[in-house]
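Provided herewith is a single structure, encoded as structure tokens, for subsequent inquiry.
Each chain gets a letter, A, B, C and D, in the order it is written, and its residues are counted from 1.
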Amino acid sequence: MAKYGLFSMTITSNLDRFMTLAIWSAALLVAAAFLWLLGDVLWHGAAHLSWSFLTEAPENAGRSGGIGPILVSTLMILAVAVAAAVPLGLATAVWLTEFIRPGSSFGRLVGLSLDVLAGVPSIVLGLFGNAFFCVYLGLGFSILAGGLTLACMVLPIFIRTAEAGLRAVPADWRNGAAALGLSRGAALIHILLPAAAPALAAALMLGIGRAMAETAALIYTSGYVDRMPSSLSDSGRALAVHIYDLSMNVAGGDPNAYASALVLITLLIIINSTALWLAENLLQRRIVTA
Amino acid sequence: MIWFKPSILSPSYADARLGWGLAAAAGLAAAILLLIVLLLLRESWPVLQRVGGVRFFADQGWYPAEEMYGLAPMLWATLAASFGAVLLAGPLGVASALFCRHYAPFSVARLYRRMVTLLAGIPSVVFGFWGLTVLVPLLAQFQPPGASLLTGILILALMILPTVALTADAALAAVPDAYLRGAAALGLSRGATIAGVVLPAARGGIISGVLLATARALGETMAVLMVAGNVVQTPTSLFDPVRTLTANIALEMAYASGDHRAALFVSGLMLMGLVIILAAAAWRLSGGRLHG
Amino acid sequence: MKKHIVHHLLRISAAALMLTVTPLSQASDQKLVLTGSSTIAPLAVELGKRFEKLNPGVRVDVQSGGSSRGVNDVRSGLADIGMVSRALKDDEKDLKSFTIALDGVGIILHSGNPVKTLTDQQIIDIYTGKISNWREVGGKDGRITVVNKAGGRSTLELFLHYFKLKDSEIKAHVVIGDNQQGIKMVAGNPGAVGYVSIGAAEFEAGNGTPIRLLSMAGVAASVESVRNGSFPLARPLNLITKTEPVGLAKKFIEFSRSKEVNDLVQAQYFVPFVR
Amino acid sequence: MTSTIDMHCRPATGTPADAYTLGPLQSGPSCCDPEPLIRVENLSLSYDNKPALAGVTLDIYRGCITALIGPSGCGKTSFLSSLNRLTDLIPGCEVEGRILINRQDARAPDLDVQTLRRQVGMIFQKPNPFPLSIRRNLEMPLREHGVRNRSELCDRLERTLTDVGLWDEVKDRLDTPALALSGGQQQRLCLARALALEPSVLLMDEPCSALDPLSSAVVEDLIQRLRGRYTVVIVTHNLAQARRIANYAGFFWVRERAGTLIEFGRCQQIFEEPAHDLTAAYVSGARG
């Protein structure tokens, strides 16, 4: 008996040792690839980074000067995308979680089409955005058209993540609210949405992250103009488009492409951390999930 | 004695109105897809009507200027690149998630998770840029031309890895602690617990994460365009340069007109077909959705 | 009918959206839209900036794409001026074209490659796959990686035209979209051969990128030989309009062809147009 | 007069509620209106076409405490939820039969369920205070039901918290999260939250079963004190508790895969002279 036990323990620990080794090496491999990539960008980009790089306009096709107007355009495009995607996305997510019976055919249809939309290649979205927003709606190459195209891209990600967040809110609170005779609207505003807020913030960040990194969908919608935009109807070059143009189309554009990539990554870190901080601090003050 | 007064102003009616409003929003969100498909169909209709759908599969090669519209090699390249990437990123991503949840010390796991989140946010252009200047020359030393299906797969794998890792991480987090305690109480080792309890319990979430990642790989454009070589041919080895459907659109759309342009919209339709098949597969497999 | 109402509603809401976001002050501004060749676009952006400075209240919007897009957009009226990095084709002769600069297309090799020159026939054989090892043209033993441009590019058309090849005859190993991708590809692969814009290649070679321009038909590939017209593979960079340009467009085209922008043209490594 | 005050057999404030409490087993209608406030006739309920409750008919008397006992899964909670139409929220749940509350059809399609639920409060097995502050837990539902007056809100807050014996414990930390309270405090807060809306009926679904014995005793005392002022329907697995507090008792059991009411009557009768063998076996601890 004891012998048998000992025997089986050895087997387990061998399997265990192998799994531990495999998982640690996989994790290290991923970390190494990541550090290599980030190190490369950091090494080449950091030298060109300065305050004036962030504020000045690009000169000489982007080889010199900075990325001031491009940053502004990028943020404006993001703002349009968020402003369009969040209300629509939130409404859809709420409807999918709180208002339809599971298995309702319209709900399934909406869900399926969102899943397909989430998989639509960004280049196809770019074609769509160009044909629909720029040409058909007559918005032309503009920040508005680019932002709306990105909104289409962000929407399914946002909806599905928000949906998961809302579903994770305990049913006890829904029943409690209903038993007090609260309307669904009131329950949503006072309890469900605040309780799901961290998940919603995470959903938003996921969306923004994807939107910010997007090139293919923007080349044909928000365009190529690197001037400081004065309104949403101006064409504005997004940071990712700028990086693409510098590295693929401008001789001697690499140093600034690296620096721009570094700025883009840094921005993403900042947005990510802010979202985490928001979720963890501000919202927790109103909502405590014990 | 009036107890429950039905009234237009009562909250139930407000709720009904809210419900309709939300349903309208959901309908609008769903309509976007319809709009996209209709638009693709409209733009590709002329060439579909003139040369028919079959030739896009049957033609030998893609020479739009010479009226040859064979998309099949690019379809195979797209599939090969995506599934290669998934094959690589799937196990690595799940391993990373397991590392975070069950192997790494808390502080390391936190850091690691932040790193993966960051990796998820790195623009595809940067991946492509890095691949073009670092990975392709490296491979070219051993197996010219360097730009190949393999580099495409590597870059795609790196790009979709965070998607797999983050969704798998969420799926692992959703495995009830009680299962773990139960397994521990039975004296199972960590490896056995993971293989026997944790992974089966998180299977649904992991599968949907992998499918989501597959969709991203199928749709990725810029990074693949920069590293995969863009030669229109059916890949026969990992070192063959290939062109994917997405890269085809991005490379030529700006230079195309007439039937050539319409044929590129057919590429778009074909991609949509792939995505719809994938979504339907996900629907079947996970009994519901592509996203957790 | 119903469809029309929906269309109208969509358009009205779009218009309303535009109104709310467009400051009134812009109503009086003059705007010039340029679209087309990605080769010319960076130059056009710089030209536009200087033009804006000289003419307050004027805005020049440049959208990159390709030469064919320039032609299409000018025809459809989407753009005031098109950018086309080649001579107009026979079926495009209805358009007016104005050369603002010249560019040469040169064959580039990795700088570690000992091959000094290639004859036209050798280049044709390499590009059609008849020669696949550098040994056959006097180099070291090693596979040749043929870098070709993607369909529709003016550079590709010029290259095919000069060597009298068809795109389907070329057996490429790598297909690239833009100049810099070609330069990076050749710089990263000692066995590669490609063709790119001479100005860009000269700049990159001068800045330490390991590439080398080959002379063609005995003429050294350089900005200088393009300037004096001796280099065989050269192309004009054109601005095109639908009809004889008037007003702002005319002013901009004249400005772009004037001597005062020579420094901008040279800064993009093109050869300034000499009248 | 159509005010809901009429529903109570005694004014809400004034004489201490304990005065009307009868001793254990002495259940009698002396404090209660003999007229049933709730009449349930032939109520059946199914989930996805699987019956859960079949043919329940019973009357619930005004101002009394009615206990529903029986083993798990015999439809007691489903029965409770159908009274305030919380069953509407459960997908695939079908209810048949008649429920009259105060002579009005509670299942009428045009009924405003929110007003119904305000009149018929509910306490759940697991305390479910909202993830808000203690104050907002009480005020938010009131505001949603149209009570906006600042002083009135404060007044009700203090009154109901005092009613449930929580005022002294929390008056200094009304703006701290309700979820930081202990389980027993949370349940009393939920009770206060329901009472603040001044309902006529209180449905309680095993309100003590998730609490430790001490908290459980406190909540039980509170329920005792509600007698007379409110009509209480309580589901409990604790037979001793049912015996201690209830005026009437109903015994549920599963028959042919659906829960059904086996016997209903005065508490004393159910526990001491049950008419049915199953009831006798259950209350004596032999079955269930």
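In this text, a contact is a pair of C-beta atoms (placed from the backbone, for glycine too) under 8 Å apart; a residue touches a chain by one contact, two chains touch by 3 or more.
From a predicted model like this one, the values you see are computed outputs, not experimental measurements.
J.: With respect to inter-chain C-beta contacts, which pair, A-D or B-C, contains the greater number?
T.: More C-beta contacts join the chains of B-C.
J.: Report the most central chain, judged by the distance from each chain's C-alpha mean to the global C-alpha mean.
T.: Minimum centroid-to-centroid distance belongs to A.
J.: Which whole number of Å gives the spacing of the CA centres of chain B and chain D?
T.: 52
J.: With chain centres taken as the means of their Cα atoms, state the distance from chain C to chain D in Å.
T.: Result: the chain centres lie 80 Å from each other.
J.: Let me have the rounded angstrom distance from the C-alpha centre of chain A over to the C-alpha centre of chain D, please.
T.: Distance between chain centres: 47 Å.
J.: Taking the mean of the C-alpha atoms as each chain's centre, how many Å separate chain B from chain C?
T.: 33
J.: Going through chain A residue by residue, note those that touch at least 2 other chains and give them in order.
T.: 181-183, 186, 247-248
J.: Using the touch definition from the top, which residues of chain D touch two or more other chains?
T.: 113-116, 144
J.: Could you pull out the residues of chain B that touch at least 2 other chains?
T.: Residue numbers touching two or more other chains: 11-12, 132-133, 226, 250.
J.: Using the touch definition up top, name the residues of chain A that touch chain B in the complex.
T.: Per the touch definition, chain A meets chain B at residues 12-13, 15-16, 18-20, 22-24, 26-27, 29-31, 33-34, 36-37, 40-41, 87-89, 91-92, 94-96, 99, 106-107, 109-125, 127-128, 131-132, 152, 155-157, 159-161, 163-164, 181-186, 206, 209, 212-216, 220, 240, 243-244, 247-248, 254, 257, 261, 264-265, 268-269, 272.
J.: Within their complex, state which residues of chain D touch chain A.
T.: 84, 86, 89, 91-92, 113-118, 121-122, 124, 126, 128-132, 136, 140-141, 144-145, 177, 179-180, 190, 193-194, 197, 203
J.: For chain A, which residues count as touching chain C in their complex?
T.: Listed in rising order, the residues of chain A that touch chain C are 59-62, 136-139, 141, 144, 219, 223-227, 230-233, 235, 245, 247-253.
J.: Under the touch definition given earlier, write down the residues of chain B that touch chain C in their complex.
T.: Counting only chain B, the residues touching chain C are 61, 63-66, 68, 132-133, 136-137, 140-141, 144-147, 225-226, 229-232, 241, 243, 250-252, 254-257, 260.
J.: Any idea which chain A residues touch chain D in the complex?
T.: 101-103, 170, 172-183, 186, 190-191, 194-195, 286-290
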